[in-house]
């Protein structure tokens, strides 16, 4: 049996970690055609697949530094229409985590990342999401202090924002999950 | 005189029947097969738990094969074997009448294969708890222990072929073991030749063994060789849903196939 | 006789989408179903977790499943489409992947059997409501409605196995049974922008705006949803949508549970429509109660 | 006593480079029973063959082992050589020391040793070979052609012109197949019906062709040279001998709104109908599902108006049996229904149609008389979007393979549209353009350059209706995935070509193998493209894989030539490597127990029962019997038979056992 | 073939293959010049359906350390169904051998088509590796020795 050639490409790592095989893509573009945010992306999904296929370190870097991976809303339209059943959302998840791990995230995607981090922080301490803390935390991270302030009174008046967070009994256990899964 | 004996007497006296194959009291509490041709001998017949021998094997013996006025007293093993023999074209509808027994002891007359098949459908098909426990004991052994176990058992075999003679399904006029060109199985009763013989016997019973255990009962050395044929019977059931002795028209499990037959070992 | 069933509301239904929870509880009560919350439930991790930390994204839902299992719940209803999607996906992955299950079991300290039946709101309605709704309905929902399924209810089909991914029909069927006239429109499963509500409100404006405008253009009088994320993007974010589309959009957005509640004649408080940002000014006609025999005859003709 | 000759070939250096051939020859010369053992550079050359022949004569050999290449290569060569020297050809075996030894191992002692083992094994086998005579089977010189599309028509005419009888069986009321539905054909744009209908008429008139339409194959048994084919003639509710095809019944039939299959639902037909005006035969059938008489028990207008009283309401299906020497499968293809693509709205929007429907719209004899009009409102579309690969190359929802014909017909459609609607714009969404036939690429270039067809490389994601337009959302992958949205008036899906319905059942009836897509499998993808694995059954056209017309016709003529070749002999010679039930002396006669469990084992139904009788005709016993005409020699019954009563010539028990022993001993 | 195994044991392997698929596939291995272990020697059968389980017993009794059985893939049988029959036979036989304590890893079953020259080489090499790992079939060899002894007596 031929020995495996050491393959360090993003595409190989992706396949190893998630079994998503970018080589299956034959560039029909149906994903990009159906993607709700492809217009906002610098590399629509089919182009992202092509970049992966090249196994060129430069192109790998382009992807990890792209806004594309953060703009993906995980709506799975691409997967549901892909003739080759390539799980692009899973690939996006993988690339986001790689991008963070390698510190390559696009500066303009900071907001999105901040929001996700704030979201997770919120549940880390209480076990459940507390929207006021989330938004407050997000604002501190993103420095978008004024954003959405106008909505708060009307949300409060409609009873949509409980002031105090709900604390679950198992919150220590939940916090523990964060520690245990950190290395991955 | 009990019901069976009365029935037998009537049948023989009627002149419609000339021979009854059944059981009589043997030595040391065991029953043995008996052939009754005269009404006055009908009182020899018994039927109780001791009558566990599968006597279907006599139906096609040359001496009585062509006697169309025969009756056989059948326990459930015998009944299943009759169905399987019918499926394999070795016994013929209308050549004999069967006396079977309901759970309450009532005698049931079965005249046609269809009736026999129907009756057999009401019987339990499968191993007894004790038999299943023996199978499990062996299956639970390590591979090495299983080999050691069977090597020891096979080393004792003297190739007397009582197993073959007692099995209703071993009806070939020339057994493969007797063929010498090519010599499929070595003649002397050494462990290797014995192993080959028993593996072949079991394989030839795939989809055909009704798990009566007669081969094991017949073995003078009391080798548990019936477990080998049980194994193929259980696998035929598990893999192909084929149970021998249940249908007079079913094809043998290894004579047919399904494209979707599922194995997990072919690369 | 009262039926008991497990209930996982999820975080939004305790906060910004509490009207959804209220309407679901109202609906369940109306049909003699008692919703029992999964004890001490936690957040499912939503998009954030699987974007940032994949093993965490398994562990959080796994704890919820473990809690339900501990409480011997064989079925749980999860009205939030996002939570429904996460829980179902995670249970599916854990079931088929032994190594992953072992790892997650280790993290959460439980032995998951992965055999809980997880229902979305439409499945809940199909099971417990649909057959009896005719007997309790007081008002005819005689409106043109646009049923909006979003992403997470129907995708990925392989795992969720609910309705179909293109032009789904299950919500339309429910609305038809209330007397509504569901429109045929192309954006039933387009994405609203989901979790970008706060971080990229501009994108949400464009995506959700297009959806709301299309529904309005086709004459729908209400959009029916089954997901709190979709609802908040379509309802709470309406100013952003209007900005993106450059026009005023007044069509209200109702949860499917609210729509049924309204047809049952429940009050604003019970349905929670008073909490919406876009006012719901829909008045329903009294349902003319026709004796059943006559009804059957008219159907025949 | 055996006198075996062993001939070791060097095959130039192909064998001798890694195997010490001289050593092999020397060692083999010492095997018991080997009289002569030599090695030579090229055994298959004339001098090499002569060496074998001379050795046979000189040493009066009883068997020959040629140790060289694969028997699949030169077994016939050496068997012929032996026969020429007077040795029965079946006493010659080949030891494969090239493909199975010298080519797959490095030069080493182990390789030479393996070659020696292989030779020893074959020497032991050949010692046990028997002289066999080939089997001759008489050939019935009639071919049954199944399917009356262009493939079946072409093949029938070719075989009939060669002077043999043909029975052509067609499932539909008329022959013609899909080709009769087409408008113009690529790359020449000549009218399909203009070239096909004369051939259809030729079929009907040919004295050697018997045509059964509205008929299906009920069962087939027998084998090459002698098939017995039972054909079901579905009831047409008509006495064809009386019917003159005047058409009065069709005009008066009150049920007029049945969607016409021939017109792909774009036109309507009556309950008593001929599928299209040029149908052959031009006689109607009654569609019992839609006929008022069969539904409500009254009407019979056709019977009343028929001038020759040809209508037969109580006619039942009938059967004919045909003896045939060969069968030809020409059952064609079908198009995949696109309902599984809800995102394209097929079945939901009237103006989303498939390629065959477009053919009917473009056809001068079609429902619009050749004008391109939308099915919904009859308007002339200003923009048409053609979507290629609608189902093809789509393992998720369609089929994984390329349907091959769509690139070309889509280009043709766009061109025809442009020719008919000058101000219109045709768009084609495609992924690759596969135009590999003669003049095909030129055709596509013409579509793009002269007829200004807008090719957009990308797959469409969704088609939906808005304000009377079909919004087509796609992408241009050549522009970094830029979104493309077209407001079209009509959408044409180039739907995938798939195996004809019923292919699987037919394949099973005929014991012909088929692939996972239910297309029939050829015997060899390159060298036997029109044969099946079952001798005497041939293939032509799109039932094997989707094909265009030129390929289909070429295949049909190829298959016809094969059949004519088969029919050029009166007897068919076959290798006698078949199974036999062994007999022996009385009183046993045979060790066969008559259990007949082997009967279902045989894939060819070659096993039946034989009664052994005494002189006065009394049956002594009944045993299995293998029909040598049907047995193909797989040997499954041989391994199955418990009493070892069946053996197979050429691979008999004695031979294979000796091989196992010889292979494993003396290592 | 690299022999990275320090163990110098070379198993004796006999391969029972069908004429139409695996034999032709092995021919293709040759024409493609793909190398494999010399341990395996092929016996040709018309079809896997022809392969009697008694021949496997014969092979073991004659000192085989491993056996390869190979034929056409399901649905590809030249005779349409011989391989399906064979498959059933092997399902029963393999379990029976296991039941008496024979290591069924000494028998490798595979489907190798006429087009799979590379797969044949793979099957051979993997099987030979597997048989090397298992070592000589000592338990069977003991029986063979005893039988020879007895027969000489």
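The first chain written gets the first letter, and so on, giving A, B, C, D and E; residue counts start at 1 in each chain.
Everything below uses one rule, namely that a residue touches a chain if its C-beta (ideal position, glycine included) is under 8 Å from a C-beta of that chain, and two chains touch if they have at least 3 such contacts.
These numbers were taken from a predicted model, which means no experiment stands behind them.
Asker: For chain B and chain D, which third chains touch each of them?
Answerer: E
Asker: What is the identifier of the chain with the smallest separation between its Cα mean and the overall Cα mean?
Answerer: D
Asker: Measuring between Cα centroids, what's the chain most distant from chain B?
Answerer: Between chain B and the rest, the longest centre separation is with A.
Asker: Return the distance between the CA-based centres of chain C and chain D, expressed in whole Å.
Answerer: So the centroids are 53 Å from each other.
Asker: Calculate how many whole Å lie between the centre of chain A and the centre of chain C, each centre taken as the average of the chain's C-alpha atoms.
Answerer: 23
Asker: From the mean C-alpha coordinate of chain B to that of chain C, what's the distance rounded to whole Å?
Answerer: 64
Asker: Counting only residues that touch at least 2 other chains, which ones in chain C make the list?
Answerer: Residues 166 of chain C each touch two or more of the other chains.
Asker: Enumerate the residues of chain D that touch no fewer than two other chains.
Answerer: 343, 462, 601, 640, 653, 657 - these are the residues of chain D that touch more than one other chain.
Asker: Identify all positions of chain E at which a residue touches two or more other chains, and write them in rising order.
Answerer: Chain E, residues with two or more chain partners: 53, 58, 75, 81, 85, 89.
Asker: For the complex, which residues does chain E have touching chain B?
Answerer: It is residues 53-54, 57-58, 61, 74-75, 81, 84-85, 87-104, 108-111, 123, 126, 139-140, 143-144, 146-147, 150-151 of chain E that touch chain B.
Asker: Okay, in this complex, where on chain A does chain C touch?
Answerer: Per the stated touch rule, the residues are 36-37, 40, 71, 73-77, 79-80, 93-94, 96-97, 100, 111-117, 119-120, 122-123, 127-131, 135, 138, 142, 147-148, 151, 154-155, 158-162, 166, 168-171, 173-174, 177-178, 180-182, 184.
Asker: Where on chain B is chain E touching in the complex?
Answerer: Listed in rising order, the residues of chain B that touch chain E are 138-139, 141, 143-151, 176, 184, 186, 188, 190-193, 195-196, 199-200, 202-203, 206, 227-228, 231-232, 235-236, 239-240, 253-255, 257-259, 261, 263, 265-267.
Asker: In the complex formed with chain D, which residues of chain A make contact?
Answerer: Residues 26-34, 38-39, 43-47, 77, 81-85 of chain A touch chain D in their complex.
Asker: Could you list, by residue number, the parts of chain E that touch chain D in their complex?
Answerer: 1, 12, 14, 23-24, 26-31, 33-36, 38, 41-47, 49-53, 55, 58-59, 62-64, 75-82, 85-86, 89, 121
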